[in-house]
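There are two complexes below, and they share subunit A, which is joined by subunit B in the first and by subunit C in the second.
Coming up: the complex of A and B.
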C-alpha cells in the first residue's frame, strides 16, 4: 500500500488526498486560513507551509536509492510547500512545524505579516473566540510585532447586502467568500477589488450581495471581516451554548447548530453533514431563530365569551376532554402537520386510534418554483415525508376544508392553516377548534383552545427530509418544565456550568410555559381512561415507532446520532425532490 | 571567456531599413520567407517537430527574464488532440527599465508576427494572442494594423500559403498591471479575469488559457525564432556568449549620453555597453552602479563590473541576473536610498495582493524605506528590512515577492554605508 511519512511516522493511504486534509484527518494540525475542504485551494494565505521531499528512485531498477546508513535518499523541494495544494504521493516525506524549525519559523513569519495591517480589535470584534486568526496567532504566531509604521486603512461598516456587513481592514484576503459565490452558490456576486494591501472583497458597483446563501460567507470568513448584520454585537461566542439541530424551515433538513444564551436562540449556523448540506445552509433557515424566541404561545389559552384568555394546564385537559366526550367519535377531525416532528404526529395518531377516532390527515405546504435544487426546496415544511411514512393521508386544501366543515371538534397540530389560506374563519366558525401550537398566528387567534407545545429548539424529535433521511434535534433552550442540569441531552455552556444561582445571566423570562405534545396527550389519555399510553420522551416514542411502523424499522436516536441521520427506504421516488 | 565581437554585428531584428513596419517593405527585404519555408519546404521541414528541434538546438533562452530554452518549452506541449491550443505572446513589458519589445512593435512588428506563426505551426496551435501592456496604446493600434495587413496578404488565416495550416491572431491590451506580465496572471487577464497568478502545477502547457494547452513566449523570443529559421540554429549559436547565445535587445537607460535600445550579441562587456554603445556617462560623471536587467535584478557596484559581460553566467559572479537586459545606469550623484525607495514603492503599488508575504511585505518595505528616506529611520530598520526580505522570498505563488525582496536586500548590503548615513544616530552607545 502507498505510504507517506509525516513527522517521522509512517502512514498508509489509498486514493488521492490533499496533504493538508490528510494531516488534519490524522488529527494533527497545520495552521491555515484560505483552504476549505469543500472549495478549491488557491494557496494564497501561505500559512500551511511544510517541508516536503520525495525519495530518489533509481531510474533503471525503480528501487529507492539508499545512503550509507541504509536510509532512503530524499530529494527535498527547494522551497517550502503549501500543504493545501500538494497531493500526497507514495514515499513522500513531510515535516510540519512540529519537527522542522524552518517550517515553524516560516509560519511565524507569515503570521507576523498577516497581522501587520490587521486592526487587532479583537475586544470589539464579533469573531473573537471563534477566530482562526486569533487561535493560530496564539499557537504559532510571534509574540509581538516589529511593525511600527502606519497601518493601511480600508472601508469599514460596508453593508455588502441585506444580511452581510464588511470590515475591510480585518480582511486577510483569503478569498473564501469570493470562492463561495463562485463555486458553491454560483451567483458570482463577490470579487476582490483593488490591488496589493489595499484589496478587499466587494460586490460589483451598484449591486448588492443578496445571495440566498450569503450568510455562509460569514461562517467561512476566518476573521471578523464579514459579520452578520443581524447577529453582530449581540453576544460573545463563549457565552453561548451550542446545540446540534435540524433546519425546520424547509424540507431539506440542513444540519444546524443552535446558539443560545439565557434560553434565547441568538443565531443559527450550519453543521457539517456530507449527505445533506455539506457545510452550508440557506439564509432563510438562519432567520428562523426568531420563531423560537418571539411570539410564542406561553400558557394554554381558552376562548371564553368569544375572547381568548389565559388558562391552566388542568383546565385545558378538562376542556378538551369535555368536548371530545360530548361528540360522536366520527365527528372529531384530527389534522397532523408536516411542520411537526414524527413523534408528535405519531402520538396524535396513536391517540386517535386508541380513542377510535378517524386517523389524522395532513396537507403539505408547497410553494412551486421556490426550490433551487440545492438547499432550498419547494416544500416549506420539514416533515411531510414523516407524515406520509406514518401512513397519514395527504389531502389538498379543499378536502381539508371539507373535513373541518363536517367535524364538530377539530384537533389541529402546529400548522397555521388559516394563515396558509387552507382554511378560512368561516370554516372554523361552528366547530370547537383545539390547536397545538408553538407560535401565535391568525389560526391560533380563531381557536377555542390553544395548547402551547415545545418547538424544535426545545425538544428532541425527528424529521424526515425530502430525500427520506430521518434526522433529529436536541433540546437547546429550557422551558418552564425542563432543566439544563438535569437533562443530559441539553448542552451546557460555560455560563451554565460555572454560574451560581446569584448570577444574573440566566433569567426566568425566556422560559416558555409549554410542554411537549406527548406530555399533554398523556395527561389527556390518562383522563380519558386510556391505558398503556404513558410515553415520556421523544426517544421512547421513537422506540415504539420503530417497533410498530415498518417504515421506521431500525430507527433509533442512537443510530441517528452515530450516522448523522438514517436514509429511510420507504420514501417513494415521486416524493423525493 | 572569449571577447565577443560586438562591433561588427549587423542587427537582424531592428536593421537600419526605413518603414520596415510596413508589410510590403518587410516582404521586399525577405520577410515571411521563413514562414514560407516552414510551411512549404517539406524537404527541409518534414514535420512540425523538426521546427521545434531546430529552435531547441538554437538554445534561444527566453528573453522575458527567466532565460528558459524556448524550444524546450515548446516541446512540453502535449500532442494535439483536436481541441484548441494557444500561443500567448507576452508583450506586457512592465518591468521598470525594460523597453525592448516596444522597439519591435514600433519598428519591426512583422518579424515577431512571423516568429509567432512559425511557433504556432511547430506546436500545432490554432489561436495566437498577443498581450500588450495597456500603456502601449499606440503600439496596440500598430499591432492591430500589422495583423490586418498580414491577414490581407494571406499570412494569417485559413490555409496559409496553400498549406493546411490555419491560425487566428488576436491583440489584447492590458489594463496597466505589472503582475499581468507574469505568465499565468497574463492568462487570467486574457480570460477577462483579475490578474492573479495561478498556482503551478498544473503548468500552462497542460492547463493554460481556458484550461487548454498553452505556450507563453516573450515578444523578443518569438522574433528571434524568425532569424533562427532563416539563418539556422548554428548561426544563432555562433553569436554572443556560449551558454546564452544570440542577439539581445539591450535597453539602456539612466545617466548615459545615448539611452536607447541596441541590438547586439549577448555577452557584451557591461562597461563597453555603457561607455561605447551608450556614449558614456552624462556630463562626464563617474559610474556608480548598474541594474543590469530590470528593477528586480540586484544592483551591482561599478567597482565590481570589470570584465563582467551581459550573460547569465558572468552576471551571476557578481550576484545579479540578466533579466530582460533592460539596463539602468546610475552615475555618482545617484542617491541609492531614493532609488531603493522608488523601487519598493513600485512593488508595493503593483503587488496583486493574492499571497500574504508579498501583499503585506511589499507595503512594509516601502513604509520603512520612506521613513529612512525622510531621515527618520534607525539602524535597526535596515536589519528589519533584510529580515522582511527573507520572510517574503520563495514563499509566494509567483516571483513578484522575490523580485521585490532582492533589490532591497542587495542594495542595502552593497551600499550599506549610504543607508546608515541617512539613519538617525543610534541612541545606544557603541562599545
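Coming up: the complex of A and C.
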C-alpha cells in the first residue's frame, strides 16, 4: 500500500488526497485560511506551508537510493509548499511546523504579513471567539508586529446585499466567498476588486449580493470581514450554547446548529452532513429563529363569549374532553401536519385509533417553482414524508375543507391552514376547533381552544426529509417545564450554568409556557380513561413507532445520532426538488 | 447613457473569442475594444462587456479594477501619464509633473475643465533610458522631456496633433 511520512510517522493511504486534508483527517493540524474541503484550493493565503520531499529512486532498478546509514535519500522540494493544493504521493516525506523550524518560521512570518493591514479590533468584532485568524495568531503567530506605519484603510460597513455586510479592512482576501458564489451557489455575484493591499471582495457595481445562499459566506469568512446584517453585534460567541438541530423551513432538512443565549435562539448556522446539505444552508432557514422566539403561544387560550382568553392547562384538557365526549366519534376530524414531527403526528394518530375516531389526514404545502435542486425545495414543510410513512392520508385543500365542514370537532396540529388559504373562516365557523400551535396566526385566532406546544427548538423529535432521510432535533431552549440541568440532551453554556433568576442576563419571560404535544395528549388520554397511552419523550415514542410501523423499522435516536440520520426505504418523491 | 458596440466592434470581439478555447480569457482584449470605443470602462461599459461575452458582471468588474490602464471613470481626451519612478525622478520627472500641473491648472489625478487633459503620476513605464518621459493615453511615449518640449506637446495636442512614434537606438556596447 502507498505510504507517506508525516512528522516522522508512517501512514498508509489509498486513493487521492490533498495533503492538508489528509493531515487534518489524522487529527493533526496545519494552519490555513483559504482552503475549504468543498471548494477548489487556490492556495492564496500561503498559510499552510510545509516542507515536502520525495525519496530518490534509481531509474533503472526502481529501488530507493539509500545513504550510508541505510536511510532513504530524500530530494526536498526547493521551497516550502502549500499543503492544501499538493496531492500526497507514495513515499512522500512531510514536515509540518511541529518538526521543522523553517516551516514554523514561514507560518509565523506569513501571519505577520497578513496582519499588517488587519485592524486589531477583535474586541468589537463579531468573529472574535470563532475566528481562525485570531486562533492561529495565538497559536502560530508572532508576538508583535514590526509594522510601524499607517495601515491601509478600506471601506467599512458596506452593505453588500440585504443580509451581508462587509468590513473590507478585516478581509485577508482568501477568496472563499468569491469561490462560494462561483462554485457552490453558482450566482457568480462576488469578485475581488482592485489589487495589492487595496483589494477586497465586492459585487459588481450597482448589483446586490442577494444570493439565496449569501449567508454561507459569513460562515465561510475566516475573519470578521463578512458579517450577518441580522446577527451583527447581538451576542458574543462564547455566551451562546450550540445545539444541533434540523432546518424546518423546507423539506430538505438541512442540518443546523441553533445558537441560544438566555433561552432565545439568536442565530442558526449550518452543520455538516455530507448526505444532505454538506456545509451549507439556505438563508431562509436562518430566519426561522424568529419562529422560535417571537409571537409564541404561551399558556393555553380559550374562546369565551367569542373572545380568546388565557386559560389553564387543566381547563384546556377538561374543555377538549368535554367537546370530544359530546359528539359522535365520526364527527371528529383530526388533521395532522407536515410541519410537525413524526412523533407528534404519531401520537395524534394513536389517540385517534384508541378513541375509535377517524385517522388523521394532512395536506402538504407546496409552492411550485420555488425549489432550486440544491437546498431549497418546493415543499415548504419539513415532514410531509413522515406523515405519508405513518400512513396518513394526503388530501388536497378542497377535501380538507369538506372534512372540516362536515365535522363538529376539529383537532388541528400546528399547521396554519387558514393562513395558507386551505381553510376559510367560514369553514371553521360552526365547529369546535382545537389548535395545537407553536405560534399565533390567523388560524389560532379563529380557534376555540389553542394549546401551546413545543417547537423544534424545544423538544427532541424527528423529521423525514424529501429524500426519505429521518433526522432529529435536540432541545435547545427551555420551556416553563424543562430544565437544562436535568435534561442531559440540552447543552449548558456559561451563562446558563452560573446565572440565577436574579441576574440581569436571565429572563424568565423567554421561557414559553408550552408542553410537548405528547404530554398534553397523555393527560387527555388519562382523563378519558385510555390505558397504556402515556409516552413521556420523543425517544420513547420513536421506540414504539419503530416497533409498530414497518416503514420505521430499526429507527432509533441512537442510530440517527450515530449515522447523521437514517435513509428510510419506501419513500416516493412526490415533489421534485 | 446606454452604451452599444458597433458592428465592427462585434466582429472584432468574435475574432478575439475565436482565439481562445474558452470565453473568459477574451475579457482583457474585449475590455480594450470597449475602452477604445468609449474612452473608458465605466460600470455600464463593464456590464456591456459582460453581457456581450456572456460572463458574470462581477468577473468583468474584477478584471477591470485589477488593471490600472483600464479607466474606470471618464478621463480627458488625452491622458498624460508622467513617470516619476526612480530614473525619471532623478532626471527631473517631478519637475515635468509640476510644470504640467501649473500649465494645465490641475493637480495630478485630475482632468481639465475642457475635458482634454488628464494628468497622472505613474510608476515605471520601462523607458528608463530616455528619462524623463510620459505616455499619452496608454500609447505614445514622449521621451527626453524638457519644459519646452512639454509646452509644445500640449499645444500640439490641443490641435489634435499626436507626436510621432519615436525609435530610439540603445547605445551599443563596445565589444573589445
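One rule holds for everything that comes next: the second predicted complex is superposed on the first by the 566 of 577 C-alpha atoms of A that agree within 3 Å, B and C clash if a C-alpha of one lies under 4 Å from a C-alpha of the other, contacts with A are read in each partner's own complex, and residues count from 1 in each chain.
Convention: a contact is a pair of C-beta atoms (placed from the backbone, for glycine too) under 8 Å apart; a residue touches a chain by one contact, two chains touch by 3 or more.
All of these numbers come straight from a predicted model, not from anything done at the bench.
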Subunit C versus subunit B on the shared subunit A, clash or fit after superposition: clash
Touched partner set for A:273, first subunit B, second subunit C, both or neither: neither
Partner chain(s) touched by A:195 [first = subunit B, second = subunit C, both, neither]: both
Which of subunit B and subunit C A:319 touches, first, second, both or neither: neither
Partner chain in contact with A:228 - subunit B first, subunit C second, else both or neither: neither
Touched partner set for A:207, first subunit B, second subunit C, both or neither: second
Touched partner set for A:83, first subunit B, second subunit C, both or neither: neither
Per-residue touch tally on subunit A - higher for subunit B or for subunit C: B
Superposition clash, subunit C against subunit B - the stretch among 3-11, 21-29 or 39-47 that is involved: 21-29
Residues of subunit A that lie at the interface with subunit B and also at the interface with subunit C: 191-192, 194-195
Subunit C partner contacts - residues on subunit A that touch it in the complex: 181, 188-195, 202-207
Subunit C - residues contacting subunit A, complex: 43, 46-47, 50, 56-62, 65-66
Residues on subunit B engaged by subunit A in the complex (per definition of touch): 177, 179, 194, 199, 348-357, 359-364, 367-368, 371, 384, 387, 390-392, 394-397
Residues of subunit A defined as touching subunit B within the complex: 41-47, 49, 78-80, 85, 106, 109-110, 112-114, 116-117, 146-147, 149-150, 152, 172-173, 191-192, 194-199
